[in-house]
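I have placed the structure first, in the form of structure tokens, so that the comments after it can refer back to it.
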């Protein structure tokens, strides 16, 4: 499968909105499948670290749900947005309430919750990820982090607009620092697949037997990923793959297969929606051949 | 379950945008479950006819997919809209291409396809429904139909706007006639549940063994319903129920349970999103107790 | 001045949204100045008829103000729109109330007033224009009229959207017929200049001494033209010329010089805002040399 | 006239978006008329200082035009906005180019020009105002300034959004500091009337004979004020008064009467558009009785 994807590299374009991401070599790909019974299959550069980017929104969301409970849903909606991931227009219409927690505005509200409820939110985020992956060596890439900070004007606009509506509690620079730090987390396909098994398992992380979140919240996260996880290609992905999933501009996509496991794929070149061309193809093919579509 | 829903009647409001619908008695409810193995369970007024309304969009869509093939997707997108079901703003932004075939604009494009590709599209629609329900007595309610025609100014605006972008081929009044006729179809919970079994069965209607649409298109319809079927409550429904579903302002909701069957529920009072209060509650409870969520 | 404008013809493009207008020869131009003391100066093809188009909105507005009085301003606003002349988005936001009577939506509301208050509004419009020009030979160009009717889908969308908000009283096709008929009026530069002298003269038509509208309404029309008469170039025109003015896609522009007279210019090629390239230049130069700017 | 306005105080509401402004006593009013021949008439609290607020945009604009020349108009448009003064939606649509320099976004671009082209822009602004008023005692109100800084989240959102489009050169906090400092200038009716005489006099300040800006730029400023100076009531003001004007939420309105002079009026309670109820009434009445309307 990886070999067949070779011709696809050229049809995408590595994210270039920050210099640190633009430098990543495009011709790389990996795939990993972690199952609830503890097996891990992978191929390609599955231990090569990449930037977590928007996929970090899942982890932040679970942390915020655990801290704030249902109160969170008064500050962020759970509906698909039908708008570019960083749209400011909808935020204005809906008076500072983001459509869902996986568009940027929603993830910034989530970051505000973390900053306001943890004494050291950046460390808490890394600790959470280390626990989920059972690995100590999970860090934020400092170069990416600083690069994001420097080019984060649109996210700053989103944050200040929400603050003007009273939907950001902490200071904006602090919230953005957390958000960009979280996005800059370096991870690889195998780690990522293992880390999210609890979402396929009603909230319970199989290797530790820890109840990471309630069964109800695991369903909720999957539901949100299912309608909104793939930017403005969520509908098409639902048809082609039929699984809750999230992509990041670092080139990774993670798909949750309830009662079965997690599939991750990674390759830097992105299509015009911001989704990795090769990762989409890999996940679609796997889902197809294994008959994983929920529909 | 039906008895427990009694207090909910008052929290909703019967659709009143046309007089013919406003006259329906509010305190009615029904539920029906049709399974792939041919069983049919129902309770309440399950043989009481109601107005199909937006649920008719599913049947029109399947007919148009069968006629036009993938060409259809050049005229209508398959992404969630994040906008009210009858929004004209998004249509303007996206140059006459509706976000998906289950918002009004998309269903009007579908109606245009049917009008342009069938010599008698209204009859063809009824014939299709009769075949799927295996019942001859399926008709459009003339009073509802005429009432819709008279109050269809916003839909006319959508249609003319799309025509100005070249995305409507037939004459607008003819397209709207088909659309309103299709919406005015009278059906009951049992008939509706049976009629859509093919979507839970990879395109094959169990009682006739007919391949109503391709397996791929059955997946596609379910995917669209899953992200966009419940108006601006689709995300919440995905979380609470976790099934592809479609509601109509006639008060019905239909949910597809892949590999299992179809659940329908009906009760006229609607919440502010246009979804039946009681039907949502009934389907949620059934899905919950039977563990049907896909997530 | 006309000779100097020769090189400008090529920088514009004749209106081509309807075939009847697209056929007009581009290399034509005229200018006329009518003064309150009865003099009329002209140059170029000043007796060559062209299509009145949006300039007809002024006459319709005056008729509607006379009939409806201040009640009109409950159905149409008087603020600049900051949007393309045929935008449907703003109409949706502001619940069917157009921003002003010289964008299409506003002029359609005005047409609805005329249709509803005159037994034969098309004839009444022509009669009004004949009285103002003191000429009998003012007609609508039938070819243009039919062409407009055939390509009027966007205007139909605007009208049906407003009807859905309750802001159109008559039947939409009848309203559009009036509107397109009025737009299709054929007139020449000399006639047009003379016809609007009352706006420069506190409502009194000099040659007949008729009080065409109240002084207050003459001011109001000039104010509206001043902020909104030149499509999305109204601000630039205010700076360059500094006079209330209205343009039409037939290639004409009319400018009101309070207490002095009226300037008209005509030449078919339009710039990207829909304003005649040469007519703008001619009026700007005249206003400049005669020191007519109000500022 | 001032006495007659007494009943109007209650129909407006003092600006309360920042505490420092909310404390101003509502029942105050003043009017001043400065003429080109050097006379100054005033009534009421004409020497009572108020917060300049949005009227400061005029001075900033003149400074920026003088420094940057026509290059300024590549960064800000000169068309009416048809949107609330602080709308972020239009800015998104038009890729970071504000509609005109007197909406907030436009004034922030102007502030960026000043910050980038003056070594000490805040001082330069005060110096400019002192020169125009011929008074040394012009200062920014520190309490208002700090209050604005603290509540400036929406303006920060506008600034960061424009920066993300590359239309802000300096650091956003520095630009906002200048902008809020300029808004916080304390001035009185007499000073304000005298300071802007050059706009009624082709760019020449009568008392000093200084050419403050070119004749062309004086026209341009008047044109912009005429279409956009009174927020979303600019069209109505054009009709009722017919003069270029600018209002500020401090309660002042200034109107330019070309070739004659400047009228200022002040009274804190604002109508729903953000314009002073009493100041509008005073200026309208004066313009009416003196026959000053340009139309």
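When the chains are written out, they are named A, B, C and D in that same order, and each has its own residue count from 1.
In this text, a residue touches a chain if its C-beta (ideal position, glycine included) is under 8 Å from a C-beta of that chain, and two chains touch if they have at least 3 such contacts.
The structure presented is a predicted model; accordingly, all values stated were derived computationally and were not measured.
Asks: Going only between touching chains, how few steps reach subunit D from subunit A?
Replies: Counted as steps through touching chains, the separation is 1.
Asks: Please name the chain that ends up farthest from subunit B once chain centres are defined by their CA atoms averaged.
Replies: D
Asks: Between subunit B and subunit D, what is the gap in Å from one C-alpha centre to the other?
Replies: The separation of the two C-alpha centroids amounts to 55 Å.
Asks: Using Cα averages as centroids, what's the distance between subunit B and subunit C in whole Å?
Replies: Once rounded, the distance between the two centres reads 46 Å.
Asks: Between subunit A and subunit B, what's the gap in Å when you average each chain's C-alpha atoms?
Replies: 33
Asks: Who touches whom among the chains?
Replies: Those chain pairs satisfying the definition are A-B, A-D, B-C, C-D.
Asks: Touching subunit C in the complex: which residues of subunit B?
Replies: Answer in residue numbers: 87-89, 92-93, 153-154, 156-161, 163-164, 172.
Asks: Would you pull the subunit B residues touching subunit A in the complex into a rising list?
Replies: Listed in rising order, the residues are 77-83, 90, 99-100, 218-220, 222-224, 226-228, 232-236, 238-239, 242, 244, 258, 293-295.
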